[in-house]
Amino acid sequence: MEPAALMKVSNLIKHYGDVHAVDDVSFSVPKAEVFTLLGPNGAGKTTTLEILEGIREADSGSIEIFGQQLRHIDRATKERIGVLLQEGNFEPYLKVREVLRLFASFFRSARSPDEMLREVSLEEKAGALVKNLSGGQKQRLAIGVALINDPELVFLDEPTTGLDPQARRNIWSIVSGLTASGKTIILTTHYMEEAETLSQMVCIMDHGKVIAKGSPRELTARLGQETIVDFVAAEDSTLPETLASCCTIVRGEGGLVSVKTNDLAATLGRLLDWSRASCTPLAEMAVRQPNLEDVFLSLTGRRLRT
Amino acid sequence: MKAFRALLRSELSVFLRDKAMLTFTFLFPLLFIVIFGYLLGGTGSASGSKLGLVTPTGVDGSRLESVVAEVGVAQLQRYAAPGDLEKAIVARDVDFGAVWDGATLTFVYDIRRTQENFAFEELAQGIAARFDLANQGRSPLLDVVPMVEGGERNADWFTLVVPGILAFSILSAGLFAVAGHVTSMKQRRLLERLVVTPMSPVALLAAIVVVRLGVVFLSTLATLVTAVALFHVAFHVNWLYYALFLVAATVGTMGLGTLLTLVVRQPSSASSLANVLSMLMLFVSGIYFPIEIMPSFLRALSMAMPLRHMADAMRYTTGVMDMSELRFWMICGTFLIGGLALLPILARYVVRVDRR
Amino acid sequence: MRGIVYLARAYLATALRERITLFWFLVFPLFVLALFSAIFANVGQTTSLTFDIAVVNLDRGSAGRVDFAASVASTFRELSQPGASGSEPLFKLHEPAAGGGDTEATLASEIDALKVGKRDAVVEIPAGFSDALLKAAEASTGSALPAEIRVHTSGGRTSSDMALGIIEQVLVRVDRHILTQLGLFDGARVVVVGRQEVGSENRALGYVDFLLPGVVLMGFLTAGLFSVPGTILFGRERRILRGYWVTPLDVPRFLAGFSLGHLALCALQFVCVWVLGRFAFGAHVNLFQPLPMLYLVLSVATFLALGFLVAALARTPNAGMAIANIVNMPIMFLGGLFFPTGSVPPALRVIMMADPVTYLADGLRASVGVNTASFPAAVSLGIPCAWIVGCAIVASLRLKWDVGR
């Protein structure tokens, strides 16, 4: 049975002159799950999210949230949501605890700042000025602020962009813990691993439109039973005819070759034969299942990462 | 040379497109001149003062009136009673008053005009002294003949202010060229981008100097022209010295800006510090008000202010005040050599990559 | 309500922690108060200044009779000795060696020194001085010209002008002394000179009492004009404000908190300036009364509104700061905060009459008895109120609270 939807977006449209930033977007967000909007820069993810956060107004379309139809997000709704903005900032000369206390004061009910500090692992930085925090610490603070009112629905707009891998993993572990406590998360990202790791539902966007929706597994399953063999070869190397006839070959930058096949064993055999015969080493060879990157590629002909 | 020309073009474009910077550089000194020109008409000088006189009936005030006319009060206004005089003083119809009852000469002042009363008191002293002589049928035996040597014959305080404002605008241009423009480029990592090319930092600095020089010439000329056109101030500008000083001062104040960059931790703090310092200098360098009325410790402090010497040099080149040639060349030399000596440090600052 | 209080606290904390804000809003007004008090309290009293003068006597003295020239020269000599209590003398005297040398050449070289600032004045007692003085003494009133003493000053040097004034006063005394010595003047019949002050009940007024309200207003003006655009525009550009708009906080509550914090900052500013003025410079004005307090609060509100106007007109924080800088100076000076606004031409007079500072400064000073009000209270209070309303209207129409809406 499908989980109940906390939010339903229908036919959302937002144009800026000739640019269709959000072009007839519809999806529904199941309760207590992580729902991700995935797409390259400029796909319309952030604009969509900003409409849902109440920062922008849609040109047309409807939003149903917490069982209510709304034209735009009102104050009562804001009491029940939490938002982590893309490129958001706090007053640089406030201390971490002061920021949490300040935001807590905007809501009718809020959690204690000290509790939030523990939850985002910033206890040691409670008295530090915002301007002295690292990028990862600032983002953890932003999450703390987004959760200060114990919201039912949390928007996280590109929460790990610009962070180093360690900081990114810290954020992931915080986010993963949130659905366990019954919160619904709407996440935007252009990192495929993030979408795969965290989400139960993914909505792929490109040029303002939704081009695919489903769980990561459902989406990759569209590509059938294909397995992918990646390796690096010289750019001018010619692959054998036998391969081209049975597989889909995609050449990427830096000599990356991706061979998509339904028959892994046969493909591997042909590749090894060719490598021996032409003395072409199969550098950095890896065998993997299709991922969302491949889904996007198959839908648009472009890579997620530009 | 190619790099220099290209950088010159880009520096010029950047400057001209920055409307805030343009307005600040050109409009600000003009605003100063216009406002101060009108405000300072009359501060500290008592010529043009109006005196109110009361002599009760039966008392002969004619002798007093003729003495007042001799002393140089601009207007004399008679009142019937002391009460009328008081009202007139409070209402500023007259600047101060005198009541002569045949035995006592009482001068009446508005206690709130604290900045101006000393000038009226001087006049009053002159009146009292002359009146004493006239009462005993005497005229003064001595006459003081003032003779102005060198400089501008009729230099009032405003004439002295104008070169001071010019000096300040040169200071701002040079100071903020480094502790503002260059530091902002460093902060936005524009310098890093330039530096990884074969471009020599000297070419960039030369371009900045040339643009600033052009700006300084134009803005000081515009300010001078405004002062002359609006307030009919007389300047006898020695254009050669004017030009030489402008070059030396611009280079020197850029050197000052370089010193600031060495002191601050963050590039962004440099312009704030420059703002603070230039404002403080403006107050104690004898530009807003003469150094001579400041307490002695402030007078001593002002000697250490570059702006003080810049203002004096500008007064010299505009013919307002005389100065020994030696002092003028020493000022020019100090600024020029100091600025040039700091250029390599500035070049190193441009090139140095700060570890984040 | 809690939100409003916490916003106010955040505003105040941020203002006090940022060093540069602390400087402009607290240190700078204190500096202006101290500097102006130190300077203008001394105006007219030149006891701290010693003037470098030269006295060149070209007169050979009247044949056989009293050498008046020498007597004049000796007066200056006396005034160049240290005072009884060891205080600095009025003059530092340069005199050519007695009896020797070409005095004309000496005069020329002293004048050269004067031009380059090595002397403040050169007193020339011309040839024939004693004879001319004797003739003037012997003649009946007005029938002979007085004897000339030439005082050479350096063009464009204030110290020279001041030296001239002092020398003129000295020579008036010398003149009287000579007249008395010659029996031509009776010192006992000198006119009694009195002094009276009008214009305020408070007899103890000094310049600092005039200055203090001006500095307080200057501090409020700076705070309003600069901190508002700085905080709002900076906050908007960096999306700090957007972080508020995604919460239940709305613009009116934000404004309330912001204004409360601003009022607290101005109150702190006021206390610091008042303490310095009262205890370091002896200010007597009592600002802690209902009417002055009303003007003070009205001033904070007016300048806050002006700040919002600037924020509404500027697109970027830099533009906002530039606008604030440009309007700050004319508003301050034309409003009569530091210098009396004397005769100004019609164009500037219009600006003066529109400038809310003109009315606030006038009303505030009148309310503490430092001034007689130039405008009725209805006008002094009404014009700033009109500005508040006008700025509020423009700001509410034009001010964007978020980027790229």
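A, B and C are the chain letters, set down in written order, and residue numbers restart from 1 in every chain.
Here is the rule we use: a contact is a pair of C-beta atoms (placed from the backbone, for glycine too) under 8 Å apart; a residue touches a chain by one contact, two chains touch by 3 or more.
Keep in mind that this is a model prediction, so the values were computed, not measured.
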So which chains count as neighbours of both chain A and chain C?
none
If you average the Cα atoms per chain, which one ends up farthest from chain C?
A
How many angstrom lie between the CA centroids of chain A and chain C, rounded to a whole number?
63
For chain A paired with chain B, centre-to-centre distance based on mean C-alpha positions, whole Å
62
Would you mind pulling out the distance in Å between where the CA atoms of chain B average out and where those of chain C do?
14
Which parts of chain A, given as residue numbers and ranges, touch two or more other chains?
none
Applying the document's contact rule, which stretches of chain A touch chain C when the two form their complex?
53-56, 75, 78-79, 81, 83, 85, 87-91, 93-94, 98, 101-103, 105-108, 129, 145, 149
Which part of chain B faces chain C closely enough to touch in the complex?
19-21, 23-24, 27-28, 31-32, 34-36, 38-43, 86, 89-91, 99, 103-119, 121-122, 124-126, 128-129, 131-133, 135-153, 155, 157, 159-160, 269, 272, 276, 279-280, 283-284, 289-296, 298, 315, 320-324, 327
Contact residues on chain C for chain A in the complex?
2-3, 5-7, 9-10, 13-14, 17-18, 235, 238-240, 242-250, 402, 405
Give the list of chain C residues in touch with chain B in this complex.
20, 23, 28, 31-32, 35, 38-40, 42-46, 48-49, 111, 114-118, 133, 136-137, 141-142, 145-159, 162, 164-165, 167-169, 171-172, 174-176, 178-179, 184-186, 189-200, 203, 205-207, 210, 318-319, 321-322, 325-326, 329-330, 333-334, 339-345, 348, 370-372
